[in-house]
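The following blocks contain the structures, represented as structure tokens.
In the two assemblies presented below, chain A is common to both, partnered first by chain B and then by chain C.
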Partner chain A sequence: MEKAKITPKQLFVLVVLFEIGSALLVGFPVGLKQDAWIAILFGMAGGVLLFLVYYRLFLYYPDLPLTSYVEKIIGKWPGRVIGYFYIIYFIYIAARVLRDFGELLTSTIYNRTPIFLIMTVLILTISYAIQKGFEVIARVGELFFATVYLMAIVGFFLIIFSGLIHLEHLKPVLEMGWKPIIKSSIKETLPFPFGEMIVFTMLLPYLNQAKKAKIVCISGMILSGINFILATIINIATLGVDSFQRSPYPLLSTVSKIQLFNFIERLDVLFMIYVMISGFIKVAVFYYAAVIGTTDVFKFKDCKQVSFPMGILILITAMMIAANYSEHIKEGLVTSAVYLHLPFQLIIPLVLLGTAFIRSRIKKASEA
Partner chain B sequence: MKKLVLVFILIIFSIPILGGCWNQRELTDLALVLAVGIDKGEGDKKYDVTFQVVVPGNVASGQNGGGGQGPPVVVYESSGDSITEASRKATKKIPRRLYYAHTSIVVIGEELAREGIYNILDPMDRDPEFRTTTVVIIAKDKRAEDIISILTNLDKLPMNRFIKTLESAEAMLGENIKLNIDDLIGAITSPGKEPVISGFVLEGSPEKGTSPQNISTTRPPAMVSVDGLGVIRGGKLVGWLNNFHVRGAVWLLNKMKGTEIKFDFEGKKDAVTTTPYLSDTDVSVTFKNGKPFANVDIDTAFKLSEMDTDFDIEDPHKIEELEKKTSDVIKKEVEAAIKEAQKYKADIFGFGERIHKSNPKRWKELKDDWDNQFAKMDYKIQVHSYYRESGVRGKPFWSDMNK
Partner chain C sequence: MSILTKMLKKKQVQRKNDNYRQKLDPSKPEELVIQKDYSANVSRIEEELGHSADLVIRQINIGIVNGALLFIDGIVDGKGISEFVVETLMDKQISSREVDVFQYVMDQTVALGSIKTITNWNDLYNALLSGCTIILLNGYNKAISGETRGGELRSIAEPTQQLAIRGPKDAFTETLRTNTALIRRRIKSPNLWVESMKIGKVSQTDIALLYIKGIAEEEIIQEVKERLQRIDIDAIMDSGYIEQLIEEQTFTSFPTTYHTERPDVVSSQLLEGRVAIIADGSPFVLTVPALFVQFFQAPDDYYSRFDLSTSVRLLRIISFLIALIGPSLYIAATTFHQEMIPTTLAIAIAAQRENVPFPAFVEALIMEVTFEILREAGLRLPRAVGQAVSIVGALVIGQAAVQASIVSPVMVIVVSITAIANFSTPVFAMAIAARLLRFALMVMAALIGFYGIMVGLMIMAIHLCSLRSFGVPYMAPLAPFSGPNQQDVFIRYPFWAFKDRPKFIVKGNVVRTGENQKPKPPKQSSHKSDKLEENES
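Here is the complex of A and B:
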């Protein structure tokens, strides 16, 4: 483990940027039409509950990342195997997010540029930041946070003043009833983005005031959830249900509709800047979790030895993950939700918590 | 030293990436397409597509009058079984790469519109280069290529002329609606709503309209003008709303920005003309005896702009009468528009959409047969109009001369 320390404020910023990162890009549960925002609300609530599980685990072992305390809870070798799988999971998600951003850039502004080149540039930058350590990423996050929020607020008001919001698009509420909403909250919005907080189990030990972990993470999740819901509502109200469903990047379509005084228009660039920033943070967090996981499980002395090869691994995974955008999205929202997110975000942490709970009981009983 | 060399190499390697030249397109290699016209193919291909491309040298107007000789635009034709095919084939004739980001108008020929517009909208909806704010119009009784090829005065670029005509007529007369691709697709896809598209007609001879002669005389031999509103049902043009029918529809769609209304007053025909300038339409659909029933509520404020009969304009009773008569005319227009739309079985006012939003359960039962339900639908129209002012004069100047 690296000897880095971050402040609660920095953690908060990271959580927010991380959570709204690619969610605002591809995470809208469009199948629910005008009720999409309700599913996000439920997803957020579920995510907070799930985080309490991770937090409980953190309380048992406040100095260790997930990959270390797994070994303590279920024994050395089984723990290492699970830790190893977690590393692969983090690499996979990092690659997915990288691919998301690569796909966005190639299909909108860099039409002719090979996706490999764009992703290379991105991952090189992130590698550099990782090489410099976690504190640097946290500080970068702080710096970008203000930029992102400034742009978001400006964009928000521009959309309102352009007269694009038609709240009647949000009606009828609950046209299809509660069932599909609950289903998609569990399958779509809970694992992505809120369940992805699992990666912070690797990073919480870096927090310099362990007591504040709970409040900081949960408030970060709630703030990002509110942003996410607002963005969804604005998207639906601006685009209408039909375009919202058919656009691969609804927020981009919304932003590009801004037209004010025949003068302020084509603000896609605002969105692009946001995408670069949040993509950077999100990939960096997963990437860094994979790096310290590897250092921890395979007992490397210095995580800097691992960081660069890991970057290449992520880049290649991102290239090979899918042949085209449709496959990539289908895999991300359908397949990985069931086969990856469910075990890694829910089942394993719950089993771990149960075991840790019993262990501490036994320990207490034997001490007494 | 070694570090310095490394840094140097890194910098060298970043140059090609940071230059951003991968996808570079020089301005002089682009043909800016201002307008696209799509017609039913006359030959063996499905579509004939015309591209109105700007000739930059002839548009640039510097301080000294500027602009080169020759027309500001040039029109290229191409045909294909898909829009993309036609667009790519067109490059056989065009020395530059077609660039669509500045396309602000799409003209659809009436013949093609009657056969269906769904398949021609998709390429424009999909292409990131195409702006979704591009306006769609239909060339009434004509082919789109005729409209596209006309040279116009007042606005050098014909496409500006179209857009501005649409805007000014919308603001002053209220007999058309400026509709962009986004709105069009929104209306097509929204359950219980059908779109309307403004029509353009060509007056005069299409051949003469293409020569510079058309802009060098004060009375151009060929003119384009806004006329009518095409009613679309199921993606096909089914008919036209004309004149006051259009106005009624514009009132109902709550897009009225200004128009003129004339009526008989004190026994004299067409004696008073008023101009509504603010309006708000509220439409709700309820159920009466199990049948859908539309309540239309229109509020508008108007000015008096012309009077051909002498009456005391300060008399509250007269004003009341004025208001009532204005309301009556509006009501008649709206009624006529609903009847006309019912004749076409096309719910252009979005009554069905309102049911869908307010009563999704009932909508499920109604939606399969909505066109027929709409055609039989009953409605109630209430118009409240408010007199505001009569310009800078009270009585007409001749009122005392007659005595």
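Here is the complex of A and C:
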């Protein structure tokens, strides 16, 4: 653990940027057609419940990150093993997000640039930030938050004034009934992005006012959820269900449709800036969690020793996880949802919470 | 960095003691103090100053006691010495042996404002070399030092670096006392404290530390003092030396101390809880802690109305961005993202660039470097030839370079806008940062287009967020963000809402404006005008 303290405001900003991060690129549950936004609503509700589990764990051990209190709850060696797996999980997701980002750039603008170069440049930037410490990441987040929201508001009004919104695309509501919506909420929108809040169990001890953790994180999740829903509705209303389903990056297609006064057009740059910022924050958070997790589990003295090698590891993982984009997406939405997100986001935390609860009861009983 | 420090360490040679203080052997206490025999003292001073030509020694005789008057010619007020010291000393004659001559001279003869008794050599040299007059009397193991500093000095002139349309027109000079006086005249509060110290082993430069007790945070004052006391260097030629020795981080192109030549700026910054450092011999005064946003605040912002100053400030921020990323945007757009440019313009640019043999990056680099050379040459040129350079610059760089197909006209426009935009940053140190980083961003843009620019800006943002100035985060109040502290960032609030001192610097004494300061029209006057209208009708 590094000696850093962040304010509730900074945590809020990080949560929002983190949650809407790559979700706005690849996270739309397109299988649901015009009802995609309902699934996000459910996913958000589920995510908040899931966060309450993480929060209870945090309340039991307010000064420790996940990898430390796992050892306290289930014993030294099993705890270390679980902590080790969590580190790998964080590295994997960091690599996934980095790959998402690289794929986006290579498939849209930099067709002839190797993806490796693009990802290397970004990971170097992030490792520079990690080297500077968590406080700096939080402060950079504040700067970026303002930038992102300024752009989002400008973009929002431009879309409206361009007359692109056709709300009739959103009808009929519940064409396929509730069942696919609930299924997709559990499989798609809950684990990604809302369940990824698990990474904040590593970072909550840095908050300088522990009491505000709950309200800050939940309001951050709700704000990002609302943004996500808004973006989905705008995308569907602008593109229509058909293009929405087929477009690899629906938001990019929406933004590039803006045309105003024959002058304001080709605003892909706005989207690019957004992608870079959100990619940066999201990878940085996972990367940092992996770094402090490693220092914690392997008892390094200084987390800065680990930061650069960890960056290389993430970069190589990002290169290796998939041969091409479709494999990458399928792996993310299908395989990792069942085999990774489910245990790491839901099962292990629940088991930990149960054990911690019983332990504290036993302790109380023995004291009494 | 660590390798660099190691290399420096190996080369380090034991420093010699160039300071007369350390020449004295502390084990022989009799060498440290002034002796009773005045002629021995005088000859020792002569010897130790190497019989310097500017040392003036005048023998005096006050009745029964012999003595000498010493001063350094040129740095003293000669008229004052002859009128208030020599003349009065010659008038008085003591014949009685009972009177304590030393006390008598001090109390009754030397007609100077500030007078001190000195017993050791250290103080004697300090006083003598900073322009005091020393009186040594036979039979006394102490000396009198009278404050007679003076000599030829530059008078207060108008500021040359930080110009303002409206506002006071005086600037600091090279004299420490004049500079403190300029601030003292503006803040007539007993809480304005001036501390002094000497820095520089050889030069013994006077440094003054100014702050307002009760507003400035004790921690910051202590920190500044500690850093100043740590300085061990031969000489301080300008406050720039101090700046580089006390700043938090060397490897940054952003200034983490603020310098100005305007006493009004220093005064207002003192009132915001900052600490000012004045070095003798430098017309630039340092203030710390310095924040990033502070470098976009010009003095006019506070002297003109808030709407005007706000819009001008926004303009300044935009032009800083232009100065930073202007050429790199052009490079990226023409090299990688032609689809971003409106079609007609794209065709026009392509037509212009048809004859230009270089890629956009090389073209931009040629122009930027040429411009920087022109600028530097313009700065160093003797004034008489200045005009020649501007003609050459305008004609050759502008017209001829385009006609010779070395650069395209659009590039000339881009470079000129960038150059002009760079001058609108109120503080030169910040403008230089943009100037330097511009080249790095140009390289990034040439390599990978907009993505490169974004990465460059991100690294810059990370770097800025990691900087601190005397413990205060450099990007405050943007990151860490603070709502109530936005009074003086992008928008300069009207003075009635301009309530708080920056809270990152001041913690206790925060409020600076009273309640109900918003101007309102008096109610009666409106009645009067109504009545007038009624009468007219």
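In this text, the second predicted complex is superposed on the first by the 368 of 368 C-alpha atoms of A that agree within 3 Å, B and C clash if a C-alpha of one lies under 4 Å from a C-alpha of the other, contacts with A are read in each partner's own complex, and residues count from 1 in each chain.
We take it that a residue touches a chain if its C-beta (ideal position, glycine included) is under 8 Å from a C-beta of that chain, and two chains touch if they have at least 3 such contacts.
Just so it is clear, the model here is predicted, and its values are computed rather than measured.
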Original post:
On chain A, which partner touches more residues: chain B or chain C?
Top reply: C
Original post:
Just chain B (first), just chain C (second), both, or neither: which does A:Val269 touch?
Top reply: second
Original post:
Which partner does A:Gln259 reach: the first (chain B), the second (chain C), both, or neither?
Top reply: first
**OP:** Once the structures are superposed on A, label A:Glu142 by its partner contacts, choosing first (chain B), second (chain C), both or neither.
**Re:** second
Original post:
So, does A:Lys132 touch the first partner chain B, the second partner chain C, both, or neither?
Top reply: second
Original post:
First (chain B), second (chain C), both or neither: which does A:Ser107 touch?
Top reply: first
Subject >> First (chain B), second (chain C), both or neither touched by A:Leu117 >> reply: both
Original post:
Considering each complex separately, which residues of chain A are in contact with chain B in the first and with chain C in the second?
Top reply: 110, 113, 117, 121
Subject >> chain A - residues contacting chain C, complex >> reply: 7, 9-10, 105, 109-110, 113, 117-118, 121-122, 125, 128-129, 132-133, 136, 138-144, 146, 263, 266, 269, 272-273, 276-277, 280
**OP:** Spell out the residues on chain B that touch chain A in their complex, using ranges where they run on.
**Re:** 17, 22-23, 128, 132-133, 182, 185-186, 189-190, 356-360
**OP:** Report the residues of chain C in contact with chain A in the complex, numbered from low to high.
**Re:** 336-337, 339-340, 342, 448-452, 454-455, 458-459, 461-462, 465-466, 473, 475, 478-481
**OP:** Name, in rising order, each residue of chain A that touches chain B in their complex.
**Re:** 107-108, 110-113, 117, 121, 168, 171-172, 175, 240-243, 253, 256-257, 259
